[in-house]
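Chains here go by letter, A, B, C, D, E and F, matching the order in which they are written, and residues are numbered from 1 within each.
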Amino acid sequence: MSDFLQLKIYFSGELVPLSEARVSIFDHALMLGDMVFEMTRSFNHQPFMLDSHLDRLHASLRLLEIDCRLTPPQMKQATLDTIEANLPLFEEGLDYWIRHDVSRGPVSLLHHLLPKPLRPTVIISVLPVIGRITSVADAYENGVHVVIPSQRAIPSRYLDPKAKTRSRQHYQMANLQAARIEERSWPVLLDEHGYLAEGTSYNVFLVKDGTLYTPEPHNILRGISRTYVMEMAARLALPVYETKLEPYDFLMADEAFLTASSYTILPVVQFEGRPVGDGKVGPVYQRLLQTWGEQVGVDIADQAKKIRAKYGE
Amino acid sequence: MSDFLQLKIYFSGELVPLSEARVSIFDHALMLGDMVFEMTRSFNHQPFMLDSHLDRLHASLRLLEIDCRLTPPQMKQATLDTIEANLPLFEEGLDYWIRHDVSRGPVSLLHHLLPKPLRPTVIISVLPVIGRITSVADAYENGVHVVIPSQRAIPSRYLDPKAKTRSRQHYQMANLQAARIEERSWPVLLDEHGYLAEGTSYNVFLVKDGTLYTPEPHNILRGISRTYVMEMAARLALPVYETKLEPYDFLMADEAFLTASSYTILPVVQFEGRPVGDGKVGPVYQRLLQTWGEQVGVDIADQAKKIRAKYGE
Amino acid sequence: MSDFLQLKIYFSGELVPLSEARVSIFDHALMLGDMVFEMTRSFNHQPFMLDSHLDRLHASLRLLEIDCRLTPPQMKQATLDTIEANLPLFEEGLDYWIRHDVSRGPVSLLHHLLPKPLRPTVIISVLPVIGRITSVADAYENGVHVVIPSQRAIPSRYLDPKAKTRSRQHYQMANLQAARIEERSWPVLLDEHGYLAEGTSYNVFLVKDGTLYTPEPHNILRGISRTYVMEMAARLALPVYETKLEPYDFLMADEAFLTASSYTILPVVQFEGRPVGDGKVGPVYQRLLQTWGEQVGVDIADQAKKIRAKYGE
Amino acid sequence: MSDFLQLKIYFSGELVPLSEARVSIFDHALMLGDMVFEMTRSFNHQPFMLDSHLDRLHASLRLLEIDCRLTPPQMKQATLDTIEANLPLFEEGLDYWIRHDVSRGPVSLLHHLLPKPLRPTVIISVLPVIGRITSVADAYENGVHVVIPSQRAIPSRYLDPKAKTRSRQHYQMANLQAARIEERSWPVLLDEHGYLAEGTSYNVFLVKDGTLYTPEPHNILRGISRTYVMEMAARLALPVYETKLEPYDFLMADEAFLTASSYTILPVVQFEGRPVGDGKVGPVYQRLLQTWGEQVGVDIADQAKKIRAKYGE
Amino acid sequence: MSDFLQLKIYFSGELVPLSEARVSIFDHALMLGDMVFEMTRSFNHQPFMLDSHLDRLHASLRLLEIDCRLTPPQMKQATLDTIEANLPLFEEGLDYWIRHDVSRGPVSLLHHLLPKPLRPTVIISVLPVIGRITSVADAYENGVHVVIPSQRAIPSRYLDPKAKTRSRQHYQMANLQAARIEERSWPVLLDEHGYLAEGTSYNVFLVKDGTLYTPEPHNILRGISRTYVMEMAARLALPVYETKLEPYDFLMADEAFLTASSYTILPVVQFEGRPVGDGKVGPVYQRLLQTWGEQVGVDIADQAKKIRAKYGE
Amino acid sequence: MSDFLQLKIYFSGELVPLSEARVSIFDHALMLGDMVFEMTRSFNHQPFMLDSHLDRLHASLRLLEIDCRLTPPQMKQATLDTIEANLPLFEEGLDYWIRHDVSRGPVSLLHHLLPKPLRPTVIISVLPVIGRITSVADAYENGVHVVIPSQRAIPSRYLDPKAKTRSRQHYQMANLQAARIEERSWPVLLDEHGYLAEGTSYNVFLVKDGTLYTPEPHNILRGISRTYVMEMAARLALPVYETKLEPYDFLMADEAFLTASSYTILPVVQFEGRPVGDGKVGPVYQRLLQTWGEQVGVDIADQAKKIRAKYGE
């Protein structure tokens, strides 16, 4: 594992060792959770949907009025350079993810404690997909359990989840509550009106009579995997609707699954202690996972198991 | 100014140079804004209300289920040791503040990228009060202007402001909006029902007919300076009520002021473009500021000017 | 009328006399309103949409986590058997309705007061359609008046109306309020946002420029007659939308009608004291009623009058 | 146990055997959860706070506009008569509770299925306190665990909990959710704003620095035991406040306890997986329980154990 | 009656005939309901609480940012002058009320249609109290009926009722709804949470066990008569609480009454179709009315009857 | 300019001079903001969409239960007559707008102060379009700036904006707040959930990837220009969606524009201090403006400049 400690991180213009990938306690990121980020993964060492992720990164920056001082092309080039610098550390079969972290930098009021000049913090990391992927290696076949924590999604008018920011203490609370309900369960938060919103870093889909349903794109992060699933479904002639969904609908669904950039899609086989559909991984899910894998040339579930076998959990 | 770069920071058990006061990008603090903090200041180099701040720190940790692995006495001792280690850097007349930052440490899912063992992040910094204090040096006499931004306080059921956490992107949004309304104005957020909640790191009081009013202690941080003002008022035989306050009440008030641990109390002379009372700093404010100063043996407004004169703005 | 007292009720596995169709005061049904039910009616002695009703029954049971210990086929068989046992009591022209009532049975904490074994309560009743039908016999021609009571629909996140449960005290309150506004008026409840939700056991449709509109399927019971009307409309090339509707829309509609399993559809000719459209029963309504009647082989309005003539009101 | 099957129940004017304490499926109670009730217990065979319970019963009837056709004195007399009729079945040491259930009777629209005359349903039962009491016999010493379910309290504007009605499906949902979080845990529901409301048939108190706090009397049943505790506390010179309480306050409390007519008061030693105070039964609780016991001449915790020993669980 | 047509109205600096008391259709008052007002009445030709009314007038102007170009002393003088100019038209026993109407004047964007110079509109009228008073002449003895309309009070964060403005279409809707529920009934609006707010130009009090309760001063006009009643009660040693009140509390009250500047206080004998207390005018009300009358030297109920006798209804 | 003072206003059946276009202070319009209105403009002296405006006028009257005593044809005829009477005052190139104002007339309770008979107030004015048009003459090319004020749109359940009434104090508050944020900026109000609602007398559209988006027709006035734009877009094969839009969507839009009957459409180039799209007037806007101009035979932007040149600002 020690090889990964050789990773080089892009840090505000320089490549630094992994151990230097640290942010000043005077940075807006730390003082106010005032940082945006993105997670992009590769398949076969090719970044997947990188442009979409970078677009969303710039959208988040725009909402938060952060001027990162890099144009979109510069940000992309820095990303590609960072990948190139680290690629030798990734053997075949082990994909990476690219993590962008951007804040407006240190709080200027504290300038007397800070080396000059003050500038935005831009971090680009290229990291092995190990942690998240190995932890779900069995889930592609066995499915996961979803629970509803007491914590509700923060309405977007208070803190807009469409900007992917680091102010996400409430996700941590939801994770802790879910663990108390059932170990290793996955929380899906309700919004203020009791509609399904999103997981703590994943979107949710229901399947009923061959049609896909997913929450409206307001109180959620508009996930890029979510969009990708919607586009795949269109190509597969599966109707998809963005609509209001309730726990009742979850209980009546034939299938359900979660989407995220890291593990792509995971089947849900239990909801609030009751089986989803017949409690088994369903055919629509399997078709989507297979199609995704074909698109990117990777057997996604198989890769996860191989990574786990090699890198332990 | 360079002297301050000699400061030593307590970092998870060790004293490190100021430049090393940096948090891993894999820390919960950064990834989820999942960190609690406190700011305590000194008067004449004596920590003020330190026990209250530490009590609240432990309360925040309890709400967030963070086990920092220090008992309260240990945390206090570490604090006192850190003060002692840094005190020589503070000349007379320059007070410090003590900043505590605590997270549950790096995200365990990423353990393969992290040096072992994983442990909570506990940072104690002793820093000059310069930034915040010099910026308000004139405000003790001239007062500040308050505006209502479009951003509303997040209701406590979504993200409890009584725990002083680093997930405060919404405060940053409020600050940006306030700056657009009027440069150097101070935002006070309304709660979901339109009642005054709090500033972006300060509490608010109104004075009407010799009585003090401050928002109920639910959708706000229960400020230690807020409590201190309430106790001072009691000693001065000024009635104080925690109640629901609206913009209407602000407009009808005789006086208003803001409280925070750094600058203690600041008078508000304008609200939403209209004068508060007669638009001048009022007598109740002055009496409270003077009393506070007497209690701690510092002429608070005077000290601010002197610090600004010496350390620039 | 006394003949009906000969009716046999299916009660947790046995057929009992009507007079024995009583539920223990220790049953969840009574102690907590914790019972689900369905009402299915016949046309020409044929159960109408029975499968849909049984599906919804099982959906309600699933939401409430009640295990009734009958599989869906067993429930259906028990239903058909109960119909058969009672059919001789129904002369031609008099249809019946089938009522299912299911609870999880007596509260186990009180087991010492209860005969053993404890088991779920499953009641299937086959009853004459007389009461509800005779009371509306004139309404097919004269229409009904709708009013908005002060009582609001309970949002589904508190008590989901999609499960047809017996906790419906609020419907009773709405009925009492409506009677105070105008005798024999029909309440339609607004939801928390002021949108039309549903009646106290019926759904509502508006007609404007040949298009049908009905509230979104969230804060309402998803009525089987409501669905049937939507399907009929599709066959008749009438567009139908599920959307947010407000009192304003009701006042601007050309026509309006209510749907329920018992009386099918009833025209609304007055809303909040003002005529709906021209205040007369409209052509879209008439076309729908006629189509429904043709589908089931019954002149629905005529049957109601005949039943009233024969069995009094 | 079989002796209790000899109990006589007052049923709309007559005393009937326990096995006949059943309500018609055509009764408002069953069809609409439209029934009010009360639970009063005895100590040493003396009804406790009976007048308060009857007052609240009549208040509930008034809110629901149910005319039970008994004046308050008649209701009380019927109650006393029913007690007298059943008292011989209760040996010393075994207290009873008196349960009142009142509905407006069968739905008049269904009169053709009903024996005449239609009249309100009034049931008075005198039952052994066994179930609830034996199940908590250990809790007086060991305390109970409280959890926050996802289900929220229904705001009183939708369904007023101050009227003790049988439409309480949502309490059942809360109980089921609590059992999934932790077996035998006790749910306390949050209201729409995230404030503590009540349990599923009990009120909640917090103790901090010798002062009692309990939720405001709006979105809750105004429990008679709750009132009794407030009065006891006044006599013991313990301040009591009805105020808004949040999970944060629960976590910061020194002690907490639940109140209900059956078991009086039970200590809470765990909240959301964390200890309350030091995780042990606290002195304020013990003082209140002892005082209560002295007032009624019963060692409450001891009685519970004896009943359990004798009547099993 | 024609004498009253001789009344002189103060209109932006001049006294004009009653028939000229008209506002341009280009005035903010008309175009945006953007006008504040006050109603002050006399007793024995002495203005009652005039200073309080003028204070509130200036408070409303301040909230709306209207500069009326009169200082408070000038406004008072203009008021007294207008009274003096009209007093000869009022015979003994006939009191007047003083009505202030102030807007920021015509919309400047339309200046080309307007005579110059543009200036605020300030109207002071001194009018006989006939209309409102004669219509309630019997109510002092017989009481009035209160109903809850479907219209809810607008929360103060949207439109602050503490400023007495002319944007009150919603009061008109409430009045129309109340008339449909019961002719001549008086609506009391609920706020968004179901708490009693206020009538359409009156405040409400409940009496229970000798204590007065009235809604909190947030979503209501802070009536000057309301304040006066609270002060009278204090002098009479009747406790008064501003608190949250619900329909349940109204139904449980011993007495209730309404307050307004015109008729002072009116007893409520029916609420939502049910008697308040015993359905008769209660002793607390009578004591308050009598005290008020003594304070101002007028038998208030008697005066109303005499005015009605003389001036018809 | 003095020529316009010759205008004749239709006032409840008569033509009166402009200076007599004044409303009694006893009128519902003034006392309760209880008046509905419409603004229709001409192009080349032809009324534009007059029938739609009159339809909406009657819809507003219906919602408010105002009987204006004119049938729709009579109202139209009166309108045409008033145009005809005033047309000679409008030279070529200067269009007019027609303003309808209707209230239920004076408050009957005050009948003793009023000339008889009481009747509804119906005012029809034909006025030059100068004010609004000249003020925006540059905006067709330079665009306008939009800001979000703290004031929120009143939800339709409290005060329905679909009826165009004169109770719009809250719009005035929004205008004042916007002016404080940025002089000459245009406020767009958020609704209670943070979705874009409408301006203070205009609707809003966003354009993204060639598709138009506009808020759902619930918490807004359903603008006739809004509808006209939607129909134009359909003819131009531009997709249009009514949907929920948030500040995030505004920031991500390529273009945005405002619609109103007076100036038709105005481009938005800045939102909350940040450029919309590239900060320039966009092609979709230009195409719509041009199409509109072609439809009505007027170069809309050019006309505005000419009017300003001639009639000053």
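Everything below uses one rule, namely that a contact is a pair of C-beta atoms (placed from the backbone, for glycine too) under 8 Å apart; a residue touches a chain by one contact, two chains touch by 3 or more.
Keep in mind it's a predicted model, so treat the numbers as computed, not measured.
Steps from chain D to chain F, taking the shortest chain of touch contacts, total 2. Traced through touching neighbours, the fewest hops from chain D to chain E number 1. Where chain A touches chain B, over half of the residue numbers in use are shared by the two copies, so each contributes mostly the same positions.
For C-F, the matching interface among the pairs A-B, C-E or D-E, defined by over half of the contact pairs being the same residue numbers, is D-E. The greatest centre-to-centre gap from chain B, using C-alpha centroids, is found for C.
The best fit of Cα atoms from chain A onto chain C calls for a rotation angle of 120°, in steps of 5. When each chain is reduced to the average of its Cα atoms, E sits farthest from chain A.
Averaged C-alpha coordinates give centres for chain A and chain E that are 59 Å from one another.
Centre-to-centre, using mean CA coordinates, chain B is 45 Å away from chain E.
Residue positions of chain A touching 2 or more other chains, listed in rising order: 65, 155, 157-158, 190, 273.
Listed by chain label, the pairs that touch are A-B, A-C, A-D, A-F, B-D, B-E, B-F, C-D, C-E, C-F, D-E, E-F. Across the complex, chain C meets chain E through its residues 147-150, 177, 180-182, 190, 272-273. The part of chain B that touches chain A in the complex is made up of residues 1, 4-5, 7, 9, 18-19, 21-26, 28-35, 64-65, 99, 101, 107, 109-113, 115, 123, 125, 127-128, 130-132, 135, 151-155, 157-159, 165-173, 176, 311. Note for the complex: chain B touches chain E at residues 190, 193-195, 244, 246-248, 251-252, 273-274. Of all the residues in chain A, the ones that touch chain F in their complex are 59, 62-63, 65, 155-158, 160, 162-163, 216, 218.
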